[in-house]
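Across the two complexes that follow, chain A remains constant while its partner is chain B and subsequently chain C.
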Partner chain A sequence: MEKTLEISNLEVSARDGKKSFAILRGINLCAEPNQAVALVGESGSGKTMTAMSVMRLLPRNLAVDRGRILLRGEDILAMSESQMRHIRGKVASMIFQEPSSYLNPLFTVGSQVMEAVKNGEERFEKTMKMFEDVELERNVYFQYPHQLSGGMQQRVMIAMAMINNPALLIADEPTTALDVTTANGIVLLLRKMMDKYGLSVLFITHDMSLAASFAEKIGVMYAGRLVEFSDAAGIFKSPLHPYTEKLIDCLPERYAPGSRIRTVEGSVPDFRQLPGGCPFHLRCPYKITLCTQRKPGPTLIGTTTVRCFKYGDDGQDS
Partner chain B sequence: METMVRTVELSKIYRIRSEKGIENVVALNRVNMEISRGETFGVIGESGSGKTTLGKTIMRLIEPTGGKIYMGDTDITDLNEKRLRKIRGRFQIVFQDPYKSLNPRMSVGAAVAEASTGNLTGRQRTDRAKELLEKVGISSRKYGHFPHQFSGGERQRIAIARALSTEPELLVCDEPTSNLDLSIQAKILNLLTDLREEFGLTYLFISHNLQVVRFMADRVGVMLKGEMIETGPVLQVMENPVHPYTKRLVGSIGICRQDMGNREMRSGKLPGGDQPSLG
Partner chain C sequence: MKTFLLRLREANKISFFSLWLLIFLYAMAFLADFIAPYPYDLQNRDYALCPPTVPRMISGGRISRPFVYGIKIINPAFKQYAPDTLATHDIEFFRKGPERKILGLFRSSTYLFGAGSGKIFLFGTDLHGRDVFSRILHGARVSLSIGVIGVSISFVLGLLVGGISGYFGGRTDTILMRLVEIIMMFPFFYLMLALRAAFPPNLSSVQVYLLIVVILSLIGWASLARIIRGMVLSIKEEEYVLAARSLGLSSYRIITRHILPSTLSYTTTALTLSVPGYILGESALSLLGLGIQEPHASWGNMLSVTIGNLRILTGAPWMLIPGFFIFLTVISFNFLGDGIRKVADPRNW
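Up next, the complex of A and B:
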């Protein structure tokens, strides 16, 4: 079956005057239809920039240098801006962390959802049906964003993103600003939409537990690299990359009350000053000399792709 | 055990003008709570449940409309500004957003030194601020740096140093790690644990993250619509919640933890391993 999303060897750089910095390097991931793929990692690891590359919405000073992004088999990097307009919303759409910033306060939420429906169709009926799908009452259609709670606003965003039945929904921290019970509702709704419409979801979060419970696949990002891409089911049991292991170690739920959490030393390196070799070597407990000299290429272990010399020295990397 | 802070029927009612005329919004509804010295008391609940209002009211940053607040034996409910100021140093607060809680135009060293209490010379104040910065893991060489030169985690450390400068007994932590990354959160939680031991601090720890509260708190109070609907030892509340709302809240951790339960726990058992999974 054709994959919904396939990213191969994606490289993105930022330009600052004459200088150029690597933002994303060697991103390889794919999402099957009806599959959820989570991207996890700390702030500044490149999760959102990966998503923005897929939407072709990168900030002006960032550009794709190399690589391929296929959406349902079509290479979107080769497309013109006007072709992209037929992709956004219809093949891939996106929701964000703060729904209130993406809703116009001056219009009813219903009209904002309906805006994306083509003339001629039964616009109102279609919008109403979508409201039903996202479990909002009909009268919400006539309400303004400020009258809705954060959870309801996020449901409106989902309705807006889903109204043209895309194959891929990118959800960038959709639950981070929400309470636990509300967040749960949103995650369950996403799962329901996936099952109903065969939708694939690229789910961006920094919450490892949420990622593992929601998604089938997890990609762990560090300093613009996908250091591990693995089945979600096994990641807590057997994390392969040292960074994944460290991230899981930071979860307070893994410790008895009052004990000490084993933290990761140091902090995420600045994109402008990435160290040579593996970007994680400064904080890595398993560091060997090789790590400071070369960047590890991808190694396939079972169904997991990992970039670490612990697992051999196969793939040569740029 | 000695009581550090106690509230009796603490209430806060806001009167707001709406389309329907003047309405009463109950932010705190007769909250009775007691925290012993040296204890960490967690407060959980969703946004709008009154967690932050409770923390701020205890600090007297919000004036209650009813009830009493006792700090030790002292009734601080009606203390005037002057007398309140005298004992304010005993209780301090650390806010959620370290980007908003530090003055951008003041060096972090000066911000910490400014709050120091006691009859200190300028030099002594500076030394003490440096010492506090080191305590929270900020190099004292960064004394003259400004807030924008620090990351979120570092700023939160500075906010903690500033709170400590008055030698408080009670520290109200209002979602201190909610804006921080996982690895930074872990470090801040470790820091708070260390400081509690070193200074014998009592914490009122407010968070919507149940796992963080489980890890930090001895006892926990659950808030819903301004009321504290359940209190108890944290493990008891998390494992055997009584109130239907608490059950729903604890259930909504809602993560298939079976993956994690299987991995060998380094220290102690993971409670709630049989939580319902999603879907």
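Up next, the complex of A and C:
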């Protein structure tokens, strides 16, 4: 069966005057239909920029240099802007972290959901059905964004994104701004939408355990690189990349109350001055000389792709 | 609409009152033919610069039907008049008079009011003995509509150009903004004169009127476009615009549905604030003999007669009444704009 999303060798750079900086390098990931793929990583690791590349909504100073992004087999990087309009919202759509600022404060939420429905169809009925799907009452239609709670706003965002029945939904930290119970409701709703519409979800989050419980596949990103892409089921038992290992090691639920939680020492390097070699070597406990000289290429171990010299050197610099 | 009015009343009493005042003024202008006791161009040569005749209700210490005194001419050379207390004329409502066309549509000889065989000049008369009250009513048609029509034209242009320029940016932006700068570079007044001079001088009054509207709005859109562009530049970075783009909405829809409505709080204020500019612009043109021509009336050209004429300013202050009406209109529009700005934003409900 055709993959819903397939990203291969994606490279994105930022231009600042004449200088150019690598933002994303060698991103390879794919999502099958009805599959949830999570992207985890610290802030600034390039998760959102990967998502924006899929929507072709990168900020002005960022551009895709190389690579391919296929949505249901169609190469979207080769498309014109007007063709892209028929992709956005219809094949791939997106929800965001802070739903309150992604809704226009001047209009009722219903009219904003209905906006994306083509004329001629039974727009109002369709919108109402979608409101039922996202478990909102009908009278919410006539309310303004500021009258709704964060969870309801996120449900409206999901309704907006789902109204044209896309194949892929990109959820960019949809639960970060919400409290735990509300967040849980949103995650359950996303799962329900997947079951109902055969939707694939690209789920971006900071939260490793949320990612593991929601998604089938997890991609761990570090400094614009996908350092590990593996099955969610196995990642807690056998993390391969040292960074993944460290991230899992920081999860608070793994510690007894009162004990000190370990962290990943140091911070994500600034993308303007990435270190040579593997970008993680400054924080890596398994560092060898090779790490400072070359970038590790992808190595396939079982179903997991990992970029680390721990698992051998295939000789190719990425 | 009803909720809008209720909200306006709740939000701002003064602007609610201003709205009704404006409706009243526009109704007066609309019904000018019927309300005005005299045609705008009827000259009473014997009564030039006659002070206002005061309607009275008390005669010999008792309340009576409303009436006016006759006007006694004391010195025709120096335009000195006095009320003739011996001659009283009852004010008659819905009286018959010379037949005239109402709204240019149907003929009628019924007038709202008049003073029997006497004269009634509620706001006095001008240099030619024309009734200022009647002229204000007829002039209101020009002055009240010129602002609204002019503002609509220049706002459509300004929003369109500003919106396109700000949203697309790049070369489009550069070209449009340079065009705007060229227009803004010319001194407003001389550009207005030059545009007016480019057209033949002997036009009918309707043609002149339309011409003035077009000239004023062609000048007025530039500064608005510039401000809208600036606002669009910042609004297009708002997250809800990104969300709209991620839904695959067209640029046209994003500009008209998401970006321009967000400039509303500014535009409604700017809209109401620029109405007076048009009224005054028209009077400036009229003053130089390029606007509405005598004997046709506009508030501007009625007022222009008084400029530089000390005898009128000191001896016939009622000729400044059109200025009071301009003031009333302008301030009502400002208050109304203020109220609408509050009410139009759902965050204030």
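The rule is short, and it goes like this: the second predicted complex is superposed on the first by the 316 of 318 C-alpha atoms of A that agree within 3 Å, B and C clash if a C-alpha of one lies under 4 Å from a C-alpha of the other, contacts with A are read in each partner's own complex, and residues count from 1 in each chain.
Methods note: contacts are C-beta pairs under 8 Å (C-beta built on N, C-alpha and C of every residue); 3 or more make two chains touch, one makes a residue touch a chain.
Just so you know, these numbers come straight off a predicted model, no measurement behind them.
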Touching A:196, do we find chain B (first), chain C (second), both, or neither? neither
For A:236, is the partner it touches chain B (first), chain C (second), both, or none of the two (neither)? first
After the superposition on A, what does A:89 contact: first (chain B), second (chain C), both or neither? second
Can A:144 be said to touch chain B (first), chain C (second), both, or neither? second
For A:129, is the partner it touches chain B (first), chain C (second), both, or none of the two (neither)? neither
Just to be sure I read the superposition right, which of the two partners does A:246 touch: chain B = first, chain C = second, or both, or neither? first
Chain A residues touched - chain C or chain B, whichever exceeds: B
Looking at A:272, would you say it contacts chain B, chain C, both, or neither? Reply first, second, both or neither. neither
Contacts from chain B onto chain A in the complex sit at residues 46-47, 151, 153, 181-187, 189-190, 193, 208-212, 214-218, 234-235, 248-249, 252-257, 259-260, 262-263, 265-270, 277-279
List of chain A residues in touch with chain C within their complex: 55, 57, 84-90, 93-94, 96, 98, 101-107, 115-116, 144, 146, 157, 160-161, 164
List the residues on chain A that touch chain B in their complex, please. 42-43, 150, 179-184, 187-188, 191, 206-210, 212-214, 233-237, 246-264, 267
Could you pull out which chain C residues touch chain A in their complex? 238-240, 242-250, 253, 257-258, 261-262, 264, 345-347, 349
